[in-house]
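In the two assemblies presented below, subunit A is common to both, partnered first by subunit B and then by subunit C.
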Partner chain A sequence: MTEAKAALRGPRRHSPLARSNRRFGALIAAPAVLLVLGLIAWPAVQTLVYSLQDSTFVRQGSWNGFENFIKLFSSEKFMNSLGLTAVYAVGFLVLSTALGLAFALLLNQEFRGRWLARGLLIVPWAFPWVMVGIIWKWFVDGDVGVLRAIVVDWGFAPEFVAPLSTKNGAVAIAIIAAAWRQSSLAALLFLAGLQTMPREIHEASLVDGASTWQRFTHMTVPWLRPVIGVVIILNTISGFMQFDVIWALTQGGPGNATTVLSIYLYQQLFVDTNLGLASATSVVLGVLALGLGFIFVKLMYRDKGISEGVQ
Partner chain B sequence: MRRSRLQSTIIYVSFALFLIWILFPLYFTVLSSFMTPSEIGSRPFHWWPENPTLINYIAIFTGNSTPFGEGVSQGIVSSTDAVERILPAMGRSLIVGALVALINVVIGGLAGYAFSRFPFRGASLAYFLLIASRVVPGLAIVLPFFIVFRQVGLLNTMTGLTIAYVAFTLPISVWVLKTYFDTVPIEIEEAATIDGASRLRTLAVIVAPLAKPGLIAAGLLAFLEAWSEFFFALVLTDSLTAPPVVAGLQSLQQFSWTTLAAATVVTVIPPVIIAVAFQRYIVSGLAAGSVK
Partner chain C sequence: MSHQVAQVKGQVLNSQLSRRNLLMGALAAGIAIPTLNALAGCAPTSPGSTYTGTLSMTAWEAYPDQIRANIAAFTDVTGVEVDLSLIPNVGYVSALQTRLLGGDSPDVYYNFAYASTKYADQGWAAELNEFEGAEDMIADMFPSSRGLYQIPDGRIISAPYFSAIYSLFYNKAQVAAAGGSGEPQTKEDIYNLSEKAKANGVSAPYAAYWIKNFCEEYFINYLLADGITPFDDNGAPVFADDSKTKGVLEWWAAMYQDGLTSDGILTADPGVHVTAMAQGTSTFFELHHYFLKEIRVADGPESPNVDMAYRSPGLAGTALQIGEVVQLGAGLEGERAQDAWKLLKTYGWKDEAGAYSTFISWAEQAALLAPYPGLFKEEAFRAAFPDYYDMDKLEDAFENNTSAVSARVAPWYPTFQTAVGDRIQTLLIGEADVDATIAGLADDAISAAQS
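This part shows the complex of A and B:
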């Protein structure tokens, strides 16, 4: 951050050339800045406004304070959905971060076939989220799925209960399927971080006779701290916002077993067509994802200052 | 460094698990796409198609399900225009993705260059706002898009989708490109300026070629995002692009997983090829900002 500030300040502030340069900079940055302000900042503010009104899709309503939020938080369906979203997001965060770190550590070793592993690592990330959901849905399907074949044909169990037909099974598969893609992104970022680690640090520790575990906790983790922070933010946001995978897998079912907030939001929009409640749900989602992401990072950087991590 | 036998074993066992984790779901999908609907449900499971068939791909590329003939009764995509919608949807995905990428490279490139070289009054604030909007989730702001698009008639149009996707990709592009321009030595531009070249000309002729890897990374990331996007396409259009069309096959009364598998394979081939072929650019783009 400090570096960027110094760079933005520049040396000769008051010369005519400096002024003309500033004007040029403002001019060529304007389209991007205005587009993003108009297409993200304005809709975000607008969503906040809708959440405090009783507007409908065709009519601007009047302010009604926090009525939408009160309605939301006293609705059982919303509270269930909120709890489910938390469970889902935590499971997704833990699984995709842990797998990503494990893959990166593995691919940072030298072994035969590493080129293949590194080439394959990016493949799940290249899949559209919704395709990930489709593939996993049929992978675990009770009739045609290969999981059934392994469980039954190979004699692990006499019968196969399709996981998507049970409450916990559906949540678990929704977490695993989404982590299949996200762990790939996490691993790519972790691996990029590991590759910038100076060899000397590694070699010095070997001389000191540090154990593998000590090297991991005392050198690798501290070195990766900024990357871990970014990955945790990305995974947290992605977990709270996950829609595509769950939509393709279960559309929120069975029953409401996988109706996380994003699915609930879609239902409010297109089934109940309740603009106020949908906006309030959007606000809750946005605040949760952003807030939690930053809290995690803050905790990690308690002694280092947050800016270094998210820069 | 020599490894103990135990360490080697751990590494190769992990490698095997890694391969299974990534490849197994893919193998099942590709395998299914070469089977007939009646074979996919057979027990015991067929790990290799008995009579490999292109019937699912033919249905998609010819846009009709008649190649199945009598198979229709066995649960093929039968009614509706579901199959014939796939190829045109992919075409529209391609157009939207290319437009989004182009706009990102041009507008994002200009802004990235400005933030890197020509700090203007309020540049810090503007840059901060751009970066902050990167983490605003699309899900949370879809409503105003829906309402405004409805009023101005942009629902279910490629223009509308392109606008929405530009919003989500621009912050990342500006970030990636500013980071990249920062690594391009400034001396070359100064020499060009002394020679009397205008600033825009210097950018186009001298800086842009030097910043090519950054521009490629930003363009590809934007394209992949647009190609893959599902939620906005679902809310703002009636299955205009490939992801919602393919996902829509699942909700048909009569359809077969084998056809869906083939449609999935066809839809993921472009992004997978791009990602693998340009892995270096893409990873450097993804890592900009998170890895120093």
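This part shows the complex of A and C:
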């Protein structure tokens, strides 16, 4: 074992210094842990409790087992919403991750004005989600939208059907609008990962005669694997929890075309004030987001640990 | 010497500020500061806390400068300070409910009329009957409006923030070019004139704010215009028993499906429709009366040609009267309660001098109305409206040809309102037929009332 590796493994477990360091770490982390417990863990436990009760905003209910979940899963509106949420989340995940990676690869190249392009990359991320929804709503509007002007006035098509007026169009725009913003964050993370990649690796692969595609699949993607994992988790959770953009765009319409679970949950909680059903919906949403995030990460790292990357 | 002193001081400090002490201090601060903040955040506004002479008020962000000016005027007269909290319109309900659930109740707050009874029932809003002048406030209103503020069991639950009536705006020149004379009288008139306007090159002749949350208002307004009673005194959905309801929904679906509206009408904001009227790409626009001012102020090429109908197109010509409300937080006592009532009264009725000063300011700012006959007689109020409003006709329409539909403030109504948006948009995009939509809406109303 080299000295460096020994250093990396840290001091011996039972030395006074190690104990002191552990205490030091625990003390440093304690305020944050307490805050997380208070602001996230406790409400999460409360939500779980409410999901098993028939409580309302004004009445502490009694335990009713899984009745709320049974009601949910026997509701046609909920099941439609669940299916739509899956479609939305997958579409959002794929598009925002792919766009983010594409932007990062582009901005990792040498070209004039790269500094400006990198600066512009942050712009979508600077907009609040709800603002993104409003911007896209006007952008794709059938009367005054810029997209209409591009399509019709520039002669791409004789007529323009406002995408938000159709079921599939509304879902597509809701995905694209949210992915537009999220891809900005993904690109920043990917770009940071790409910049840690030694030039020698690419130079060596060029000498070996690897094609661009081979270099991308065999060098870049494995190197970025830890970042891809993080991006996928973030995007999966963000996709399942998306509310603001869809609310600003369509309020869940036309009809129920874009009523994803978060909007269904909003209606249960703030319109119907049905705390039990809303909490049960929250639990389903949370389990889906966390479960899928976990599965993705397991798939990503089924062969290697996160810390190993491509080394 | 000074160097030695500094050295000794440094040793003392070092011994006192050991890592352990530093961390313990940081830990304590890390816990205490957020906790104190959280506690402090709740304390000044919770009803149970000691009253310091400053009221809290929560409003959504419409004309914030005018809200501040109105509050400043109140403080000048009464000496009562008001801590104003403005919440963006998007998310107001969830933000307010979260505060109320957390025990952080404002003394006075804006609310949507449809949620007002629910808030009173949940213990989030005070009953006003015991306050001096509350009954007089109700008596001062147009009889047709009273049901929005005093519910059937006698409780007075809110005061008006503003009122408005549904109105049709029409482009006189385009209507004339389509062969019409004056304002359309029926829905069929609108359909026929829209068809001709479209043939004349108007791309989206009929505009309306048919987003999901507003479909319910249009539904009720269209029913009233054709003389259909939406709900009986017990809240039963008697619209389903009226054969004319089918005609209303058939007309509604035809307007959309026959291309007489813009195809973005299900999601477009009012600003889009105002622009369309000002530019002449729409001939008709139906929404609250104050949008006439928006269209004129937009100053587009067609803005001067746009006028307002004071009769809702339909067999009966009745329009929906809408309005949002101001409510008093629950649990207020003593001086605090009296001061909060003074603020509510100034905001939703008359100021300390007995004048409708707040409503006159809203009329000047945004052409808003209030349900008080006395207000319509005030010269300052009438003068606040631009001269393209016919104030006599507006008063007459408000008093004699509008309905507030008191079922719209029933505690079950928010659930029904959401369902209407789903049903109507599903009908419009051709995924449900008229009969199924009517039956579904009736079921929604009944099940909402039963839940």
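Note that in this section the second predicted complex is superposed on the first by the 273 of 311 C-alpha atoms of A that agree within 3 Å, B and C clash if a C-alpha of one lies under 4 Å from a C-alpha of the other, contacts with A are read in each partner's own complex, and residues count from 1 in each chain.
As a convention for this text, contacts are C-beta pairs under 8 Å (C-beta built on N, C-alpha and C of every residue); 3 or more make two chains touch, one makes a residue touch a chain.
Note that the coordinates shown come from a computational prediction; the quantities given were computed from them, not determined experimentally.
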Subunit A as common anchor, with subunit B and subunit C clashing or fitting: clash
Touching partner for A:D153 - first (subunit B), second (subunit C), both, neither: first
First (subunit B), second (subunit C), both or neither touched by A:V283: first
Which superposed partner A:I40 touches (first subunit B, second subunit C, both, neither): first
First (subunit B), second (subunit C), both or neither touched by A:V271: second
First (subunit B), second (subunit C), both or neither touched by A:A174: neither
Touching partner for A:P31 - first (subunit B), second (subunit C), both, neither: both
Touched partner set for A:W247, first subunit B, second subunit C, both or neither: both
Partner chain in contact with A:A104 - subunit B first, subunit C second, else both or neither: neither
Which partner reaches more residues of subunit A (counting touched residues only), subunit B or subunit C: B
Contacts of A:Y50 with subunit B and subunit C, given as first, second, both or neither: first
Subunit C clash site on subunit B (candidates 95-103, 113-121 or 149-157): 149-157
Overlapping contact positions on subunit A, where the subunit C interface meets the subunit B interface: 24, 28, 31-32, 35, 57, 130, 137-138, 141, 143-145, 247-248, 266, 269-270
Footprint of subunit A on subunit C - complex, ascending: 19, 23-24, 26-27, 30-31, 34, 90-91, 93-94, 97, 101, 118, 121-123, 203-204, 211-213, 262-269, 272, 275-276, 281, 414-415, 417-418, 421-422, 425-426, 428-429, 431, 451
Residues of subunit A defined as touching subunit C within the complex: 24, 27-28, 30-32, 34-35, 57-58, 130, 137-138, 140-145, 161-162, 164-167, 170, 247-256, 259, 266-267, 269-273
Residue ranges of subunit A touching subunit B (in the complex, touch as defined): 4-5, 7-10, 21-26, 28-29, 31-33, 35-37, 39-44, 46-47, 50, 57, 99, 102-103, 106, 109, 111, 113, 117, 119-131, 133-139, 141, 143-146, 148-149, 152-153, 180, 184-185, 188-189, 192-193, 196, 206, 226-227, 230-231, 233, 237, 240-241, 243-244, 247-248, 262, 265-266, 269-270, 275, 278-279, 282-283, 285-286, 289-290, 293, 311
Subunit A partner contacts - residues on subunit B that touch it in the complex: 1, 8, 11-12, 14-15, 18-19, 21-26, 28-29, 32, 40-41, 43-45, 107-108, 110-111, 113-124, 126-127, 129-130, 133, 135-147, 150, 163-164, 166-168, 170-171, 174, 182, 199-200, 224, 227-231, 234-235, 243-244, 246-247, 250, 257, 260-261, 264, 267-268, 271-272, 274-276, 279, 282-284, 286-287, 289-292
